[in-house]
């Protein structure tokens, strides 16, 4: 009985957070260990379905780098990266799309469905969600590497209104019908702006953003973040995440959280507790 | 951190119950210690507001015997009971209405509002919710003691659709405009039928229904309940509760739970845990 | 037959007024003799129900001073007033709430229901309709005397859309959960502003506002009213009514009428005839 | 003031009738003196607009025999009747349509609009309201004389939902595109059935149905009406009206009233008074 | 089979135009040969029904000069024109209304219905669509010649939302209830503005607007049109059309097309082909 | 100009077919040459988008056998078939899902989007559309070969109401989370039943069903089809198509058409012409 009473107390303690986020849209960038470790995968999907049931509108954007490289190797192609970005020739693009939209996306949808949610997988082509364009600024021939030109959120609104949970693969199409491989953090950031999300949560494999001495920074203003980038404190893996965070915050998203997906139920911890976890980036 | 992880686990354990009751209407008969003890009162209102936020539609029906007798005494009138039912002359009826609809009802509404819900207090006159008629069967002159003739659930539907939580005082009116004092358990039972509630939960000051040897009966079928009544195992105080339970179950309510309101968060315990608490009466 | 023809002519004469007020919200402050005299009470409720049927949206705010004092005396408490305002200690506040929200409010709802309307009684706690705060300006210890801090009209909109007629008791709650006794004229005035009422009608026991020589003033501009207040022509009983009228008119209500509730069907007379009755206060 | 009080009493006396017909559809066959006499025309339109404002849904079907004959004579054509039915060659049909749908219909719409209503004139072609077919049973060549094959009530529902008042000319079209002149009483009867009208009111130039001795019959059952037809008590002019009444009542209309349109405000008298006027035909 | 393949190719070629006009409102002024020649009449109604089915909202305004003069002559009245405008005494006005709203309007509705559409004929009186006022500027006594004072588009919105096709006769009413004969081009122009039409198409009996040398002008800006009017290049018959076009364009209609209704399916040609036909007037 | 006139005539000839299918749901099984040949692919997507624009609701189910085998070979796995059904071990299932849901599905969505439609790709996991179960009847170990246990059409209804075009990959999931490869013809057939489709169109690489002498059978009743199956006239490739057709027709789909996708615009030809093409199977 005592255990039960503890349970109900916990639920009651969650009430203020449930109230605070009721009806709010929360974009979650899903990636890293949380997408590989079987236990973490189940916990992630439990968190998402609980969020939906208590009245939030979660939207998932997933990455998938390691699985793409695996499949390329199986098909006898050597993955090649320039400044951390995958060189994506046409054949690679086909593999990217197959792995992201065909395997990983449906795996996540299945996970959510097994917890009693109703996931709906989308690539940026579905409902013309992501209009992309080729990245040009680099001096290198990167191929089908793109960035987001525009988001058409209609399909997200349609699904949200019917209790479905959207799961997005970071693939876009340009007006000529070419497909593009887009950084998933950047997709999550622009989607968050386009749907006026309350929060963007980026799930990573690190505790958050660290200062020069390796200590976790709990809260970071936009200005401070820009300063850290200039100083080079932000490492290469974290850079696209912080950039995505900054551009979201600039375009009206209230808060961005960079959290450690290796912690069980990291997502729920972030949303349903006062202190939060990881690093919070604010305007 | 460990405490936090326990928290999230608890929330996740609640998910199946949240799913099971999502969108379901649950009528709660509120009374006894849970309506007197300050801590229990707060816990009750927390439970109700949480239920509303996670997608259930709670409807509260309250009693209030002790407070009526107090006020009568203050006004120099001696409460009189025949077979456990209050003899209700016209002056007493006025006191009943004043205490139930004016004091207790608004107290409960205020409790709910303080937890972030939006309670709306109703007597059976409001929106013509309860059409009553005089109880005739007894040999005694009981005065304004009535029973429910018909429920008009329109006002409940209207409030539910707008995120309000109805709080009902057990007072009815007949077609000639007379007011009636009605047993709150019976009001809860007929309201539960009228709104096709998933569940009726009756909060009492006992652990549930006890068998001849004083042991709690966890589950009771309609037939067994009737047999216990015939045998006289059900005592006088429990009788109207069991009768209300039986008539609800006959009219389509799936389950009735008689629970011990002296347990903190009894309501949440009942709804969000497997074993439930108290006695469950089923069809 | 001639009598019948006269009837139909009367109905046709009412058509322009029905058209003028179709779909409009009209707040009625109900009080005085019209709330005591049995025949006037019936006529009032007939008027309200007719208004609803021909397409207006009446909202009633009632007072209840004399009944509160009666109950206090019955309970052995002596009513005390400072500058016409009831000193309201905690015990008195409980009596106020019981009498207003428990007795008078339900009495009015019952009256309306008996004429075929569907009244729904509300105190300012229901649906968090009236957020109140303690009146501080007086030098005296007034206790639970409050004024309106904010109106949340959602519950009124919800009921109006479903053919219910709201009946409001002038009781508010602050954020700490304390109850307040508020002047009913002021509640009527702020409710009228909050719902963008076409008209506020204040039912009194006098013919209207009188000039220095005791003659009825049919129309009064805001400026003139303020001048009369300064000059002291407005007596103490009329003062809160004129203040409520002025603040309503300032906040966008088109017209306020102060009428004589001792006249049978005063409300209908005011609305359905050209000349109107009593004093009209305009912007 | 006394006159005013009488007024309000009259309005209150109308309340039960307003309640009884609130939201109900009432089909009115408009014809005879009420369509010719200028004062009666105004009174008719006042009645219709009042009905709409107090919550009924009036639908008007008009006739127009005399005006058709006038126009035919102006155009040098001699009107010809067989058994009271106008022989309608193609040229006559054109005149019928022009006079009914072009002149009379718009005249009635204008009358209604001037009283503050919003009439919308329809012939049976508009919205494909009346599918007609040629009357074949007579031995004579009647030309474009038709009866109603089917009513498509969609246009009536559409207009009703937007506060418009439909005014229907008794003209139909068959599947080959031919126009037909249809008896207006029969159109009113079939429209009343198709829209599940509460009442069909047929405005005539006689006091109602008379028995063999010339006395008004206040109420007539279907059976009695059929007996009177067989006995020949119903005269030729009244016959189509009684037939329309009978077939409406058979198809579910609750009551049909045949009233004397020469009485001022006959329509309102019929609806808003207890005794009604004229003859009532019931199932 | 080859013929079939050509067919499908044609349909596919129409797709961009269907997409461009999907959900758009298009006002069509219908007149001239297209309203007289039997084959052209059928083609016009086919075009209108096809437009409705592929997602456009066509609204028709028709003229009818020649038919009015014919009927006047039949009735022994000599048509009289001053500066191309019909002198309209009261008797003439009655004929105008009868012919336009009773004959021509219903003829067009019947045509549309036979193609599977659902036309609904309206004069400017129906739903109080056209509030008119007497034309005063001329030195002559023109009688019931009016212009549009205001359009109340509610009836058009109501019909459009229910898949009906409105067909409007150019007749208006002033606040005193007088009827007016209004130039149909001007009615079409003001209706197009009032409903925020994408396009106004005026069907004439000429190839379009010709320049001084008799050559067709494909596109004309507002400025150029005004210059042509000043220079006198626009002839008297075309003047009201160009005026209607200009005032529409000024009030927000995107484009006005003046097309040759003698070409089979001129309407469809204009909408579903790139080059369009006739003269286009733009802002 | 003549060419233009021919165009408009073609459009007008299409009108009866547009009317017949307006608002109707049509399921299209897409496969064979039409999914490989670049020109046929474009024509197919044009047809689908046109269908959507003229008011039909097309739903696409695609196959993809050859592409799966190609990918398997690239990955060093030899495709194996028993009785024409692919043996699907776990690794093969992953390839099936990747190729169908990741490559082919998105390719079709992109095709539709380029024609101005808004495709949304779905596997049977998305929105829990296809609940599958393992095929057991064969004596062989087939692995992840499943059939449809139940369709949940909610996601289809949601998309259809928002102008999206669903594109379905024939993959299902069972309650344990296993994925299944399902025959696309059977998926198309059960989807058609579940959404009460007007028509199921199966696009093949043959002219239709041939009789024993190799002649095309234009129309086939259910009974005749069953007889042909028994007689062995239906070959192995056609068998699942005819089975899907029969079960659709049994479950309420009006007609099934088996057409030759090698003909340009075969889909449009089938829908917008009288004779249709291929073989029609009816109840």
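A, B, C, D, E and F are the chain letters, set down in written order, and residue numbers restart from 1 in every chain.
One rule holds for everything that comes next: a contact is a pair of C-beta atoms (placed from the backbone, for glycine too) under 8 Å apart; a residue touches a chain by one contact, two chains touch by 3 or more.
As the structure is a prediction and not an experimental result, all values here were calculated from the model.
Chemist: What's the overlap between the neighbours of subunit C and those of subunit E?
Modeler: The common neighbours are D.
Chemist: If we look at subunit A and subunit F, which chains touch each of them?
Modeler: Both subunit A and subunit F are touched by no common chain, going by the contact rule given at the top.
Chemist: In the touch network of chains, how many steps separate subunit A from subunit D on the shortest route?
Modeler: 3
Chemist: If you take the mean of the Cα atoms for each chain, which one ends up farthest from subunit B?
Modeler: E
Chemist: Taking mean CA positions as centres, which chain lies farthest from subunit F?
Modeler: Computed centres place C farthest from subunit F.
Chemist: How far is the middle of subunit A from the middle of subunit B, if each middle is the mean of its Cα atoms, in Å?
Modeler: Averaging C-alpha atoms per chain gives centres 46 Å apart.
Chemist: If you average the Cα atoms of subunit B and of subunit C to get two centres, how far apart are those centres in Å?
Modeler: Taking the average C-alpha coordinate of subunit B and of subunit C, the gap between them is 34 Å.
Chemist: Which whole number of Å gives the spacing of the CA centres of subunit B and subunit D?
Modeler: 56
Chemist: On a C-alpha centroid basis, what's the spacing between subunit B and subunit E, in Å?
Modeler: That pair's centroid distance is 68 Å.
Chemist: Residues of subunit D touching 2+ other chains?
Modeler: none
Chemist: Quick one: do these chains touch in a line, a ring, a star, all-to-all (complete), or other?
Modeler: Looks like a ring, each chain touching just two neighbours.
Chemist: Using the touch rule from the top, order the ring's chains starting at subunit E and going via subunit F.
Modeler: Cycle of chains, anchored at subunit E and oriented toward subunit F: E, F, A, B, C, D.
Chemist: Taking the complex as given, what residues does subunit D use to touch subunit E?
Modeler: Interface residues on subunit D, with respect to subunit E: 74-75, 94, 97-103, 105-106, 109-110, 113-114, 118-123, 125-128, 154-155, 158-159, 161-162, 164, 171, 173, 177, 179.
Chemist: For a test of understanding, state which residues of subunit B touch subunit A in their complex under the given definition.
Modeler: 1, 4-16, 18-19, 22, 43, 46-47, 49-50, 53-55, 115-116, 263-265, 268-269, 272-273
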